[in-house]
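Before we start, here is the structure in question, set down as structure tokens.
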Amino acid sequence: MLLRTLLPACMRGFCSPGTPRFMHKLASTKKPALDISGIYPPITTPFNDREQVDYAKLDENLQKYSSIPFRGIVVQGSNGEYTYLSKEERLEVVHRVRQKLPKEKILMAGSGCESTQATIEMSRQMAEAGAEAVLVVTPCYYRGRMTSAALVHHYTQVADSSPVPVILYSVPGNTALDLPLDAVVTLAEHPNIIGIKDSGGDITRMGLIIHKTQHLAFQVLSGSAGFLLPGYAIGAVGGVCALANILGTQLCELERLCVGGQWQEARKLQYRLIEPNAAVTRRFGIPGLKQAMEWFGYHGGNCRSPLLPLTEQEQKDLRKVFSSYGWL
Amino acid sequence: MLLRTLLPACMRGFCSPGTPRFMHKLASTKKPALDISGIYPPITTPFNDREQVDYAKLDENLQKYSSIPFRGIVVQGSNGEYTYLSKEERLEVVHRVRQKLPKEKILMAGSGCESTQATIEMSRQMAEAGAEAVLVVTPCYYRGRMTSAALVHHYTQVADSSPVPVILYSVPGNTALDLPLDAVVTLAEHPNIIGIKDSGGDITRMGLIIHKTQHLAFQVLSGSAGFLLPGYAIGAVGGVCALANILGTQLCELERLCVGGQWQEARKLQYRLIEPNAAVTRRFGIPGLKQAMEWFGYHGGNCRSPLLPLTEQEQKDLRKVFSSYGWL
Amino acid sequence: MLLRTLLPACMRGFCSPGTPRFMHKLASTKKPALDISGIYPPITTPFNDREQVDYAKLDENLQKYSSIPFRGIVVQGSNGEYTYLSKEERLEVVHRVRQKLPKEKILMAGSGCESTQATIEMSRQMAEAGAEAVLVVTPCYYRGRMTSAALVHHYTQVADSSPVPVILYSVPGNTALDLPLDAVVTLAEHPNIIGIKDSGGDITRMGLIIHKTQHLAFQVLSGSAGFLLPGYAIGAVGGVCALANILGTQLCELERLCVGGQWQEARKLQYRLIEPNAAVTRRFGIPGLKQAMEWFGYHGGNCRSPLLPLTEQEQKDLRKVFSSYGWL
Amino acid sequence: MLLRTLLPACMRGFCSPGTPRFMHKLASTKKPALDISGIYPPITTPFNDREQVDYAKLDENLQKYSSIPFRGIVVQGSNGEYTYLSKEERLEVVHRVRQKLPKEKILMAGSGCESTQATIEMSRQMAEAGAEAVLVVTPCYYRGRMTSAALVHHYTQVADSSPVPVILYSVPGNTALDLPLDAVVTLAEHPNIIGIKDSGGDITRMGLIIHKTQHLAFQVLSGSAGFLLPGYAIGAVGGVCALANILGTQLCELERLCVGGQWQEARKLQYRLIEPNAAVTRRFGIPGLKQAMEWFGYHGGNCRSPLLPLTEQEQKDLRKVFSSYGWL
């Protein structure tokens, strides 16, 4: 039912370094160069008391994630506080994660910058640092001029030069900009653009994207655990979910139930994840996510400023959400 | 899997006139007084050249709908142009539809007004005119003060006095107001409030409503054909869909596939309905819906002013949507 | 500097009953049929304990307003809870106010309904009930189709048949719809459309409307006390201000200072009105306005349901706003 | 009437290098360390064909601006495409502008970054590069958590360590975030935060900010030419206006008329600037601004990608706006 069953196993590693991998995606077969179906945690970046990246803690989190059947890891999605990292830090984190991550897992790295040129350069360097794919957020500061034409131009230039496949990333909650549907459909034709992480939560739009690109084997990932089941139901192939930083096993179980057609059981599990997910995303943001990670045995810690830690009351409210659903 | 299988058959007709039917819904069993699962067209109101209600055309439309396995008919949902009808016209249309509608079909009548008192009165009169249930839109003009408390108070008063079950109606596209989730959950406890038509399209919210009210057998209807499949997947029991005015048979088929667990086939059908649905709702509105009805053998005709008929170009664009998906 | 100085005195009373007054506005001179410059309270509607209109209290409020140099009174603007009144009540209130109002004061009556036909009829009946002008709010329920073309058509039909001048009314806070600038400019050419009450608060837009219609002597009224001074500065001729129900004398004083060019003093007064105004509009709505009226010696009382009275805490917060600025 | 008349002449140059200048703002007198009243063009950044900064063209633009009575120049406001510049480029441009700018003119440099630490560092370096003040945009990517508390913390840390005065910068059109009023009022108490550039266009809010901070001599600059007159009328002390890149002389003339109390003439000039201003900001963005600069004898040129140049039709439409108001 899902793309996964139609696609070859992950083709990671087939390409010689330096060669753009999209050349392996032949227009005739429309088979993607990289099967990205599955669940991904968009990992957070641990900091020490001086707000420096704490690589030891990062390693320990990765170690714990290694026993969960994730398809891979997203580094520097929005939850990675990438906008607070220097260019050097962004690359170093990717480099470090690739070293620690099991070979068969995909490392998807957020390489989006505001300018096209910077995004091109960052994508190349992230590929060099070991990313199997880059996740490219919509540039948004000049959103009044970020028309479909401008965004198609931007992504095409990035994809033309990226050594690894490009995954579009639309996250209106942060960018206040939805990558327009017509731009997505146009870009899906590019041989090096293989999918989209859609975090907007508009399930009708997701259905239309999947329908209009299905001849291209374009892969749609739900951008949040809140609509993972509906996403699978309408044809998405997986999810990049903040909640996977905490309840990764459960999200992989939800994936298994959906892919296996056990919808009734899937529904029961999905119900128990909606509010916890909302709590660590929309409601309490990354500070909430990092706080909850501590309770579940991971290293969370503080965010970089200006993101403030939760107040005591917020901590209580957050904890109550997880305990009321039986997760704590 | 769906509520339908857990519930008694429709209890319509069991109540003596004048007796509030909600008394038949016992708190202990939490079984609803009325099983509303299924597909409903929110019918349009045909007008003649002088903008008067054309009852003959209305009858003919109903006659055609009678062969489609709808669960019932919604009269004076948003697509019925109810805000353009006088109080007398609203009641007369309901009366007429009830006369023509087969007995086993549910007539759900939109009785919402801005004031609580007017809504109470309209609900009572619509029940007298033959409605099995009333669909009560959120009052919205003073939206800045339409807090959860105000809306809970409003709906409670309406439900307390309504002789027939009440169905909440949240349609932010028209009201610019979402009935808050906490208000929905509180109101679901009322014995005479049996469900909600949610037209906002936020599937995560729908999932949460269903989860938080499932011990009450509260029934959730998708308010648009665009997310009918995801709605069923997450636990909705049916849909009130503008598109059912045109492609009613297909929507009932989609219902059958979803309820029967044939998700792969359901998905194919759902895909073909998203854009046609968007065209007769968000994109071209009621003028688009009425125009398309003409092409499918129904009486559509013009709307009351200030709703303008489609321009020639809009007609072409609309037709193209239906033909490109093989419906025309 | 202001239109007032360029215009003839109010022409009210020059027209024989039944004759559309706009015929007196000659295209060649572009002089409006009615000089509406000045300050207006959009009066609230007092109700008794059974939510019935309390005409005796209404009379007493009017009696108190008669000593304030208002240009006139607005009946059934948004603050009049007109959406909660029956058609009969709307007309009866207008009739009553006209009887009590001094002859030289303008009665501007809100006659807007969702449908064009109902608005036409209501406008005619309000003129018969004694209104010198009608204030016509944008129809908004089907806002997706309320294009400039639809709104121009609507207002043109209304203005064509209205016996008294029409004033456009754009109040996006309630309607979630801004009457588009191009529609305003087009409609300003109609001989029977003499002005606009703009409550959106976009001072740039107000400036542009004034500029693009100044050859037509189209009159712009600020729709809130919060930007009354900037409105005068950019060329508005007055204001319809909820706050005038309470601090009418002060708003007329602010008018005097602005018209007289005493900007420094005007600014001091304007500053003291912004937060009290926000408190009885955006923040606490009509329940706040009615509560404050009680403190200032007017009859406020409760609103019709679903508008709830202020909570005790809200009352305290509201009172604090007025006392902190020295008004209580 | 305006702050300018109450304040000492610009105090620039009184401070020894390396000493935080805010120490010169004594709490007792509440006189700001820097009088920023006046008009500023937020200059664009010229690029050559390879998208590199073209310093020669930058010099020529500055040369032309030197004859206009601007109070100073803003470098790397939103119109400077600062989000597309590297850190090194940002500093180099500021350095270059300071070298070329007449000594008596203020150089206000945009130093905002997403993280507090990066903003602190950038502010320090911009001061070293010659900026008299830094303009700090609201961090916005995690806008759901950018509460008043977070933003007060952010700006306080930045202002504590900045060697030059800090000016707040709220530009919701780009950031989709309004710096909350209560945060502005709190931050105005900081001795090193001397003003705000408010580009939101909400004149009521501007009035309230001015009122609530007037005991602190906090200086408010209108962030757009569209509401420059209303801004002066309500107590703003100047403006940072994209349009000043083109019609600088006219904006300084408008300033002169407003400051001198010649409101009627001011109004006539303001009217002629609203649409041209909208055209080079909201409507056509920086590509429009740069295109128009070419017509007025400045170096505009292309933007960095993903900002596309205007289409031919857009160029025509833009030109028509300027010619219809007699500017071309």
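A, B, C and D label the chains in the order they appear, each numbered from 1.
In this section, a contact is a pair of C-beta atoms (placed from the backbone, for glycine too) under 8 Å apart; a residue touches a chain by one contact, two chains touch by 3 or more.
Everything quoted here is computed from the prediction, not taken from an experiment.
Common neighbours of subunit A and subunit B (chains touching each): not present. When the contact pairs of B-C are matched by residue number against C-D, A-D or A-B, more than half turn up again in A-D. Over half of the residue numbers at the interface between copies subunit C and subunit D are found on both sides, making the touching surfaces mostly the same.
Spacing of subunit C relative to subunit D, judged by their CA centroids, is 37 angstrom. Here the spacing of subunit B and subunit D, counted between their Cα centres, is 52 Å. Annotation for subunit C: no residues touch 2 or more other chains. Those residues of subunit C that touch subunit B in the shared complex are 51, 78, 83-84, 86, 114-118, 139, 141-147, 149-151, 153-154, 157, 173-176, 282, 284-287, 304-308.
Taken together, the subunit B residues at the contact with subunit A in this complex read 1, 201-204, 207-208, 210-211, 224, 226-227, 229-230, 233-235, 261, 263-264, 267, 270-272, 274-275, 278.
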